[in-house]
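Going by the order they are written in, the chains are A, B, C and D; count residues from 1 in each one.
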Amino acid sequence: MYQNDGLITLLISCPDQPGIVAAVSHFIFEHQGNIVHSDQHSTDRHGGTFFMRVSFAEDSFTLQEADLVRAFRPIAETFRMHWSVHYSRLRKRAAIFVSKLDHCLTDLLWRWKSGELAIDISCIISNHRHLEHITQMYAIPYYHFPVQREHRRDDQQRILDFLANRVEVDLIILARYMQILELPFVQAYPHQIINIHHSFLPAFVGANPYERAFERGVKIIGATAHYVTEELDEGPIIAQAVIHCTHRDTVEDLMRKGRDVERRVLAEAVRLHVEDRVLMYKNKTIVF
Amino acid sequence: MYQNDGLITLLISCPDQPGIVAAVSHFIFEHQGNIVHSDQHSTDRHGGTFFMRVSFAEDSFTLQEADLVRAFRPIAETFRMHWSVHYSRLRKRAAIFVSKLDHCLTDLLWRWKSGELAIDISCIISNHRHLEHITQMYAIPYYHFPVQREHRRDDQQRILDFLANRVEVDLIILARYMQILELPFVQAYPHQIINIHHSFLPAFVGANPYERAFERGVKIIGATAHYVTEELDEGPIIAQAVIHCTHRDTVEDLMRKGRDVERRVLAEAVRLHVEDRVLMYKNKTIVF
Amino acid sequence: MYQNDGLITLLISCPDQPGIVAAVSHFIFEHQGNIVHSDQHSTDRHGGTFFMRVSFAEDSFTLQEADLVRAFRPIAETFRMHWSVHYSRLRKRAAIFVSKLDHCLTDLLWRWKSGELAIDISCIISNHRHLEHITQMYAIPYYHFPVQREHRRDDQQRILDFLANRVEVDLIILARYMQILELPFVQAYPHQIINIHHSFLPAFVGANPYERAFERGVKIIGATAHYVTEELDEGPIIAQAVIHCTHRDTVEDLMRKGRDVERRVLAEAVRLHVEDRVLMYKNKTIVF
Amino acid sequence: MYQNDGLITLLISCPDQPGIVAAVSHFIFEHQGNIVHSDQHSTDRHGGTFFMRVSFAEDSFTLQEADLVRAFRPIAETFRMHWSVHYSRLRKRAAIFVSKLDHCLTDLLWRWKSGELAIDISCIISNHRHLEHITQMYAIPYYHFPVQREHRRDDQQRILDFLANRVEVDLIILARYMQILELPFVQAYPHQIINIHHSFLPAFVGANPYERAFERGVKIIGATAHYVTEELDEGPIIAQAVIHCTHRDTVEDLMRKGRDVERRVLAEAVRLHVEDRVLMYKNKTIVF
């Protein structure tokens, strides 16, 4: 796919004012970049925040990364930008966290293997041993980190230390990892932890959403992929999808239908994140 | 449509046990009825509740309504049934309640006028005068009943009295009627009041769901049609639908998209109710 | 909605090359325009066609329309652009063509009346008298132009003459107008005629799609809004949507379900066209 | 799931007339069967065809299979039924046919492994060796049967002989098997071969649907699971689903999106078939 092949992507947010697009596009043009995609969004017509994602071909661009950063800094300062630069050839390194359910994990692994997800999977981390066999098929290291409620913070600190020292990762995917992450963990990976919640949030926040959906008698169920923040199930939503259900569906049927939605939504969110399509605004996402 | 033309429909619920379908279908057969539709549902394989909706042609059936009731009673008692009988030629009489927004009202009126909704519309009742002109186009009486928060119970009692004495109705449709119904009102029309809530319940229970959906940054919005019970927004759900949205959608865009979903879901719920397709179980619906 | 209020929109297509976005955004910036929306698309990374839609506030922009055209021309020539400029305050004038079915017409009229569709409706034109009463409710002129198969070209020429001399329009909406338009008619309004076809094209091209969908036993039906070109049902597709169906749906049920989809898709396509969001490429649309 | 556990299912079709439901349900009742599900459908109110699917618990039923057949035969003859009986504990034996693409295969294997699909997978058959490694992971025999266009009939006869003599199967799943099946093959497995076509049929019948969808500029793509008959891509449709696309989607994007739809639709169709929910009428399916 040409879109992701050899692209440089700038992610920008700043107070809205005239001239931003002109300045950025002129910068790219004067260094021989050819814009392949560009998206803008303003939260408000007057006095809002401006967001931009612009991708251009790396091959013709005349600046190396360090030079790009140096040359772009004056523009960024003029417009008081938050900004970051991403090279599509530098694949993000992900750790996948799982517990006992395998549908999201196997789906991610298949998409990764087939080339759909342009990431490196550094390792699988689990509080159980159940899924170890699957990961052997894919030759991905599997690390078992038991977590117990009474000393969860210490148990998770061990994972943090492990990641800090042994397996550097840019992205943590909670693929039905049934453990609440402690504050130090969340803070160590701001907007780098993606969770799949098995309801169309904010409906059925918390545990056992399928049971509660069944109890309430809803006619649709869904799934939500979101960044993990300090507030449980309250992080910025990246992607959501739903499926219809009826009175004939038992809780098990809801779970079966839900598995299809969960894995699709999680994979979609990971793809959007990996392609640097997600910016943050308040507690919400801009998805370009 | 042959389905609705001259049909008798039995709605049945009772403790599950063998022989119910056999008894009911034999009863219909021995009186020359030809079953056109039949649906069953059991909440549980052992010791659950059994639900049945069976429709048969009226023309060949040999019993008049009173005889049908008398002849069926022994079967009903044997199986300890809750049951009711409905003749499709006897159209339900509905009152539509509105406030200022017209999209659900105009949609219902168009569907009624075009023959999609097999109801009689007895009147429109509103706490405002805004939509009076629309109803004049359709030659339907429009009654203005102001409601004030401080004496809402009295104000609503006036509507109740009016309906009891002047315009008998079997169904009340709250087509974006922005008033909470008081207990006596709800109790006067059990499972006969259908409301449209502009969110995919139980998300955004209460007021201003579009504003709150915008604040939360959800990627889908929706609408829910439900029976009104004593618990606000907690009644049995009849129909739900959703639509996708993005960061580009303002609150006004959500409202615009939502109007399309609201009117579709409300019309669907009314159609299901009018065709006697909805049974109740706990606080949930069985929709055949 | 601020998006449509006092905006100037440029629609541009040209051979792709570096510098286009920079040149256009610089032009807007130097004349004090503030970009509110901007979208780009390239059909191919190398040697493809580039498309751009950019909207900026009219109030701060320093050029009047004639000056804008004059000042932008050198840029347009440099990049060999096809381009056009649109002012949101100049509402498009539409004629709605209908036959006997009213669901699309009434839906468009409701959306127009409620402010959802920012168009002027100049007149309704029909080959029948059936729907005359509806349009009287909205105080829109209704013109009856009978069309007979044997001299359809002449009959349609009369409509063309009428539109040329009496009621100038920028947009023709075929809201279930059951007449094939003759070549001269199509050529008089290139990419200005929007039709709703009651199938998910290219399935069931031609007549009676619901009957044929029923015969084929499909599990989804749909609708397609497209520009009318010289090839029947082959014009560029603007919007499509579908709905599920089952073996229980009769042809009449398909028609009922289809009406909901048709009116939604047609309204969506008209909205996209009216907001100048549609560009053409080969026989396809770019919808920004 | 109680629904599939120890059930006997009768599938019935016959000329419609009064008394069928009564006779069938009485038969089940008199032999101590408890009806768990029952569905009926008539193609027409007068003189149509009647279809019925009824499931009842096996444990309390007093007849063994041979006795059931013998005892039910008089009823079947009275009503001139086509009928069949299915025991849920007797799992269908399936052969999965693949070529080079693995997404449908891996999805089916995962669902089978996780218990979602209650089938036995007897073998995988392919005209290529590409996917042999996957099937080793699941310990399922993989047989390579090369097929060449010039002697396709002979090549396929070898597969037929193999299936007849070595690996008895009740169901053949074409999981993106890119070979047209010859007439003798189709006739050997009437309504037992399920194919996934990568378009929303009847749109894009034949080869390369994604390329043609891209060329046509459709705004939705889809997939269709159908029984294979003698007419290519014309067999009875079991399930369909679609997904939206835009001008931004390349052919590769359509393929990526399509893979998600294909595997979901194929798995759904297999599930419906395996649960004996599909009856045939003309060239259409009744899906209970």
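Heads up, the rule we're going with is that contacts are C-beta pairs under 8 Å (C-beta built on N, C-alpha and C of every residue); 3 or more make two chains touch, one makes a residue touch a chain.
Quantities reported herein were computed from a predicted structural model and do not represent experimental measurements.
K.L.:
Since chain B and chain D are copies that touch, is their contact same (over half of the numbers shared) or different (under half)?
P.N.:
Same-residue interface.
K.L.:
By CA centroid distance, what chain is farthest from chain A?
P.N.:
Relative to chain A, the chain whose C-alpha centre sits farthest away is B.
K.L.:
State, to the nearest whole Å, the distance from the C-alpha centre of chain A to the C-alpha centre of chain C.
P.N.:
Centre-to-centre distance between chain A and chain C: 37 Å.
K.L.:
With chain centres defined as C-alpha means, what is the inter-centre distance between chain A and chain B in Å?
P.N.:
41
K.L.:
Do you know which chain A residues sit against two or more other chains?
P.N.:
2
K.L.:
Any idea which chain A residues touch chain D in the complex?
P.N.:
1-3, 102-103, 106, 110, 114, 116, 137, 250, 252-253, 256, 260, 264
K.L.:
Hey, which residues of chain B end up touching chain D in the complex?
P.N.:
2, 16-22, 25-26, 28-29, 32-40, 42, 44-45, 57, 60
K.L.:
Can you name the residues of chain A that touch chain B in the complex?
P.N.:
Residues in contact with chain B: 41, 200-204, 216-220, 222, 236-242, 246-248, 281-287.
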